[in-house]
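First chain written, first letter: the chains are A, B, C, D, E and F, and each begins at residue 1.
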Amino acid sequence: MEEKAMQEILGKAEVLIEALPYIQRFNRKIIVVKYGGSAMIDEELKRQVIQDVTLLKLVGFKPIIVHGGGKEISKWVGKVGMEPVFVNGLRKTDEATMEIAEMVLGKVNKSLVQMVEQLGVNAIGISGKDGGLLKVEKKYSNGEDIGFVGEIKEVNPKILYDLLEKDFLPIVCPIGLDDNFATYNINADDAACAIARAMQAEKLAFLTDIEGVYKDPDDKTSLISELPIEEARELILGGNIGGGMLPKLNNCIDAIENGVSRVHILDGRIAHCLLLEIFTNKGIGTAILGEKESKYYHE
Amino acid sequence: MEEKAMQEILGKAEVLIEALPYIQRFNRKIIVVKYGGSAMIDEELKRQVIQDVTLLKLVGFKPIIVHGGGKEISKWVGKVGMEPVFVNGLRKTDEATMEIAEMVLGKVNKSLVQMVEQLGVNAIGISGKDGGLLKVEKKYSNGEDIGFVGEIKEVNPKILYDLLEKDFLPIVCPIGLDDNFATYNINADDAACAIARAMQAEKLAFLTDIEGVYKDPDDKTSLISELPIEEARELILGGNIGGGMLPKLNNCIDAIENGVSRVHILDGRIAHCLLLEIFTNKGIGTAILGEKESKYYHE
Amino acid sequence: MEEKAMQEILGKAEVLIEALPYIQRFNRKIIVVKYGGSAMIDEELKRQVIQDVTLLKLVGFKPIIVHGGGKEISKWVGKVGMEPVFVNGLRKTDEATMEIAEMVLGKVNKSLVQMVEQLGVNAIGISGKDGGLLKVEKKYSNGEDIGFVGEIKEVNPKILYDLLEKDFLPIVCPIGLDDNFATYNINADDAACAIARAMQAEKLAFLTDIEGVYKDPDDKTSLISELPIEEARELILGGNIGGGMLPKLNNCIDAIENGVSRVHILDGRIAHCLLLEIFTNKGIGTAILGEKESKYYHE
Amino acid sequence: MEEKAMQEILGKAEVLIEALPYIQRFNRKIIVVKYGGSAMIDEELKRQVIQDVTLLKLVGFKPIIVHGGGKEISKWVGKVGMEPVFVNGLRKTDEATMEIAEMVLGKVNKSLVQMVEQLGVNAIGISGKDGGLLKVEKKYSNGEDIGFVGEIKEVNPKILYDLLEKDFLPIVCPIGLDDNFATYNINADDAACAIARAMQAEKLAFLTDIEGVYKDPDDKTSLISELPIEEARELILGGNIGGGMLPKLNNCIDAIENGVSRVHILDGRIAHCLLLEIFTNKGIGTAILGEKESKYYHE
Amino acid sequence: MEEKAMQEILGKAEVLIEALPYIQRFNRKIIVVKYGGSAMIDEELKRQVIQDVTLLKLVGFKPIIVHGGGKEISKWVGKVGMEPVFVNGLRKTDEATMEIAEMVLGKVNKSLVQMVEQLGVNAIGISGKDGGLLKVEKKYSNGEDIGFVGEIKEVNPKILYDLLEKDFLPIVCPIGLDDNFATYNINADDAACAIARAMQAEKLAFLTDIEGVYKDPDDKTSLISELPIEEARELILGGNIGGGMLPKLNNCIDAIENGVSRVHILDGRIAHCLLLEIFTNKGIGTAILGEKESKYYHE
Amino acid sequence: MEEKAMQEILGKAEVLIEALPYIQRFNRKIIVVKYGGSAMIDEELKRQVIQDVTLLKLVGFKPIIVHGGGKEISKWVGKVGMEPVFVNGLRKTDEATMEIAEMVLGKVNKSLVQMVEQLGVNAIGISGKDGGLLKVEKKYSNGEDIGFVGEIKEVNPKILYDLLEKDFLPIVCPIGLDDNFATYNINADDAACAIARAMQAEKLAFLTDIEGVYKDPDDKTSLISELPIEEARELILGGNIGGGMLPKLNNCIDAIENGVSRVHILDGRIAHCLLLEIFTNKGIGTAILGEKESKYYHE
């Protein structure tokens, strides 16, 4: 019997030597998940995303969720009898709107905490104000003042290190303070990217409502499964990247250039897209890779 | 010169021996502050309360703030065109009201975080959902269903120990989950009391809009400065405690009976009331004391 | 070869998704084991219990042992020429008896530490005095003064969180201090229950000398494998619960009502009863379940 | 007003520069106190010793108490009708005696915990079994087997680092395990010395029933206030050190040679001897100093 | 006597309220000290700098030292018979030179550790390789390849948070790895600035061989004591900043713009310049301030 | 499906019970690896050793690397035009030689850090100066002064506990300070042995350039696979141990006698020798065992 157990452990050792490159990708690696789009509205998808992130935590990753709350904010702006105003696609955010945006994001934040706690994992919901996480400065839209819309200037990641060390799953809503400690709304993609950079995350995954990046946006069969960063830059220069995708892809490139190993653009409408991308070698969206990374991965 | 420095240190040693009983009251002791009433509305008082709590942290205490948001909630319920309903003084909380209450409390919570951060101390704002801090069960008002109003059933203080160890000032808003992970509103006094018990806090301080407890509610000169717990029980039995004060005093007695050393009912309308009560030996409100405590303190 | 390793990991991922509900039950969950009865006397059973608890720790649980020392105390009371006195089943505990009880419990405590250390796991033996863990008040037996027998008033769980974080297996003997810092003896079942509540343990397991709870105490085939809390209450009301079991079952109900997910009454005379109950889906004693829990577990 | 405060802080800065060498002696330095003799019997002295150690902790030291229990053990050996046997001054410790010794030391241990807790500081009482702290081997007395008397072979200080980091005051009773995990009694002086070495303590203080070391044991005016290690060795070679003092002085020399900065032999019969020695520059016992230390200290 | 002690504590409380803004500047604030120039060569100055930094740590700051090793590197390059080559003021660093540079910086690093340890404070010397602290990319000098000279691309501050939490004084030498894990030399000013940014340090202090910034470099009486960031920018645009100072001032501006509160350019040739700047309100060099900071500080 | 998952977990439980003795050997056990010889020169072997140690960390061990740098030091001594001098096999180390030795060891140290970081695991390179890890005293060679060659007097393991707790792989170079804080070179075998003792390591492994210990040094078929400590002592007394092996074997015996469970003498020229020895039951070098260990291991 002891002999048998020993044989098993010995076998395990062999597998381990082979598996070393894969194990390294799991072991206490930080993975930032930008959670938004349909996967945030459909109740079944929501449940699956939270299940996936929780599972990533249970198998050894250190996930951090960053979420937005777009449609909910407009809904509540309407509820109190105000009219949402957009300037070049950015929400004009006066003080009253900012107040509502913060309230709605806070509510969404705690509802995600609730779902993670229900799965038996300790979560904590914070905003960029807590522990001075996100410092911003005012953002202008082509020179126009659009109110309390902030651009991230600095990230103080200490609070996230502390919460990860104490074994929490941190859930972050994208609100920050400027130098005068006024409250600003931040684009959730930008927040996820800035946090991934500051934490030197292994991975940054965007849950979106598209399949991924296409070589030719008009040809749905041209989905790119792996996109080395230099090719991503060329695609942008070639003008082949459509409106909504452009800032997202720029964020991806920025993250890769600043120390994040891989960025994933995932189709949040596919069940368990996060687990499938991470645990299978086909992937189901587009992975943006650093120059070195692209040589040895996924083959 | 060295001689001089040594003399000073020697002198310090003597003072220390004498001061031991006082030092013990400061050293890493947990102090829960229930923050509410006028001190939460007047901007100048607000600033002072936050300054006081921050200072308590800087001199060695471990403060935790628990806050309500009463009037703000009613304001927002009105803003979306609903009518606040109260049953026996408790807000009837249907799902829509609960949603607003959570949003408002979240907003207040982060505004306090902001003020503490501005003073150079790391704060973190949580609700009873985070880390499973507050578990509740439905509360009925004389048998009537008043919706999502919860009574605290269990406190899981782990998250607070973790945050204190990492040197944050935790700010808690009184929302919790029931066994089905539904969201409930909780009375802030009850939440402060339950947290003080679970953390075995040294002190629990209520910032209120009254001077303290009176021997005779009609005689403003009869303010009681120190109230041993057995006398507090007699006062209640004697029917001398008025409406608003009764549940508060019951909370105080409950806290003392369950391991909190001292409970303070402070007049939040007085500037720096918190510092004055803790650092001076007259006190400025009513201190409820355990039986042993009353023998040697404040004399 | 890499392909093969990848396939294995992929397969692992699939198993993980399926296994999520089970994994959640293991992952850093706190399990309080009340250790007593025959399993504490028979040397072979003793070895097995300690082996089981140690294994639970090695696979990811965070176990805490709470133990009594009943028969050993009487033996030593006799050794020094005193006569054990019992009032309504409670040991009358004068100062001399209390001194001996503390000495014996301390000895038992360290002998368990020794056995765990021998298995290569770090243990630490504490009593309710250490870190102010257990605060008690005097307990009367139908109004009669029975000496230093304490009822738990408060639990300060900080010391246990600290020891678990530092990766120790804590072993607790049920002694506490009252407000005057006098030493009291505590019923070990009560101590286990109070600690499980204060730590919001996932599980509380009592090692006993019975098979479990019977529907009909006279019919040994009526052993109940799963007992929802409401049925437990009915059994008690129906008068079907015998003498020794009654306080234990009340403790179980109290634990469930206060945040412990499951309580197990195990037959400590069966080898490896602890492992069998936790890792098999039949169970070998009676599991008391909360209302929600009973719907989906063990099927 | 701000000007005034600034002046004070500036003044403080100057004092600090001068005081640097003194501050360094306090700041988180480990100080091991061997507690025994009269100071352990007289209730008033006992209270003062515990007060002193607690105060040392509150001003920044990290004290560890190691205690014996000599006379109490003999008392209890007698109580159960056995006869204490001594061989060359060492207690012959058969299995029954060892059992009693462990029980008595455990009781003394927890009574000290109790006193420290009463002063508002968190204490934890451990033996050398906990966390594998003390590993021993059998000690023979001139070749004669004297039972379970152990000589320390190894110290695993991890448990003490963990407890100090979590801000406990550790109180250690001198019991250890041999390679077969059998229980052994250890001389408390030896245990204190071994722990001070393994922790690289700043100070080791022995509370004794003598004034200190004399140049001439027959001349009470020849008390030595500072004894450089080389002079201590000469005194021993010169045969001027009496029976009880010899092993103690050897322990002191051993500690100094192995990284402890200063060892104090204090007269435990003097009130607050510990504070007086540490905070005054005269000292009240004998301080054994390393070679370098002796050049610049106490002048 | 108790009355007296209480009065003292009361007085202390008053001072504390006044002192709050100053205390906030000390309390666990991170201060990065770039150590270089004469203060690194003159043995007496060296001793004083290390004394000052150690004292800052003892009074509550969390200092980090970043050092260069310029002249020592050239000396050793010469010793092995090579010729130092400079291109536009940057050392041309081929593989052999890089090897020597790393060896020399390592030696300097450990000699500083040694001096701090000698003062009784725990230090740890690391390079940018440890814990992946500094990631670089190749730097070109006007397009010319100058070898292994790196520009910092990313900072992973986790190792510094870990070491500060464990109470070490970290001493960093400016060496980093590129994406291919090749070794690069980094300008020490740049490294100090990047670390101060990533840690969101309260202060960044450069020890230099000049008095500070002059309004008119030719007029030694025009030393600027406080320089708001916008004026610093104007000075640069006005062409009034000389050669060596220009990159340093750009570093200062960069730090302020990225979350460091104050940057000090100190004259390292003045004894205790660090303490004088921090504890006195005149200052002795030039302090670069953020826009808000400049309004209320130093008056 | 759930049924299937449960069966798997149940099966796992059975395996776990059987595997307990093996699991205990992995779980957070400290393993000190003395890295030297050919395995430090051949690039392919180097890569494999670092891979093995990294893997040991990923499966749960806590490895510490201690390395020398012998041949590199001589090379650099030569480079600067000095002549290496050896006295009885020990390098005569004047101040200039010591300076070079420290520089070379520092360079080797960081190159190992680099390789571990490249495998995705956090490493930190320290010397015995950091955190006061190694305190030495001057070593004489048959009475002759050979300069800055140190013998370890004390180990302060706190820094290693801190780094392990923060999940770093510590890499130590054998340099220490004496009481006057002067720098000394230490034999790497001695340093590894002293660290293994102070940390009470589970294992100490020497990578050497020999196959292991032979019964008869002239008979290559007489390799001893397991060598109980008493037989090791006999071999030495019998004069059968050759020159280079003698001090190594004495180190092994010293380690075993002081709390290290097993010491391995491995042939560093064999690929993955470390993994093979630990995970297979034949072993590939000589394992020195304590008396008890030898009875039940490897059969």
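Going forward, contacts are C-beta pairs under 8 Å (C-beta built on N, C-alpha and C of every residue); 3 or more make two chains touch, one makes a residue touch a chain.
Since the structure is predicted, the reported quantities are computational estimates derived from the model, not experimental observations.
Enquirer: Write down the chain pair in D-F, A-B or B-C that repeats the interface of E-F; the criterion is over half of the contact pairs matching by residue number.
Expert: The chain pair with the recurring interface is A-B.
Enquirer: Taking shared residue numbers divided by all residue numbers at the interface, is the value for chain D and chain F over half (same) or under half (different)?
Expert: same
Enquirer: Report back the single chain whose CA centre is most distant from the CA centre of chain B.
Expert: Chain centre farthest from chain B's centre: F.
Enquirer: When the Cα trace of chain D is superposed on that of chain E, what is the rotation angle, expressed as a multiple of 5 degrees?
Expert: About 120 degrees, rounded to the nearest 5.
Enquirer: Roughly how far is chain C from chain E, centre to centre by C-alpha average, rounded to an integer in Å?
Expert: 55
Enquirer: Quick check: how many Å separate the C-alpha centres of chain A and chain F?
Expert: Those two chain centres are 43 Å apart.
Enquirer: For chain C and chain D, what's the span in angstrom between their mean Cα positions?
Expert: Chain centroid spacing, chain C to chain D, equals 37 Å.
Enquirer: Hunt down the residues of chain C that sit against at least two other chains at once, touch-wise.
Expert: 132, 158, in rising order.
Enquirer: Hey, which residues of chain E end up touching chain F in the complex?
Expert: Within the complex, chain E touches chain F at residues 79-80, 99, 102-104, 106-107, 109-110, 113-114, 117-118, 122-127, 129-132, 158-159, 162, 165-166, 168, 175, 177, 181, 183.
Enquirer: In the complex formed with chain B, which residues of chain C make contact?
Expert: 132, 135, 153-154, 156-158, 161, 179-180, 197-198, 200, 257-259, 290-292
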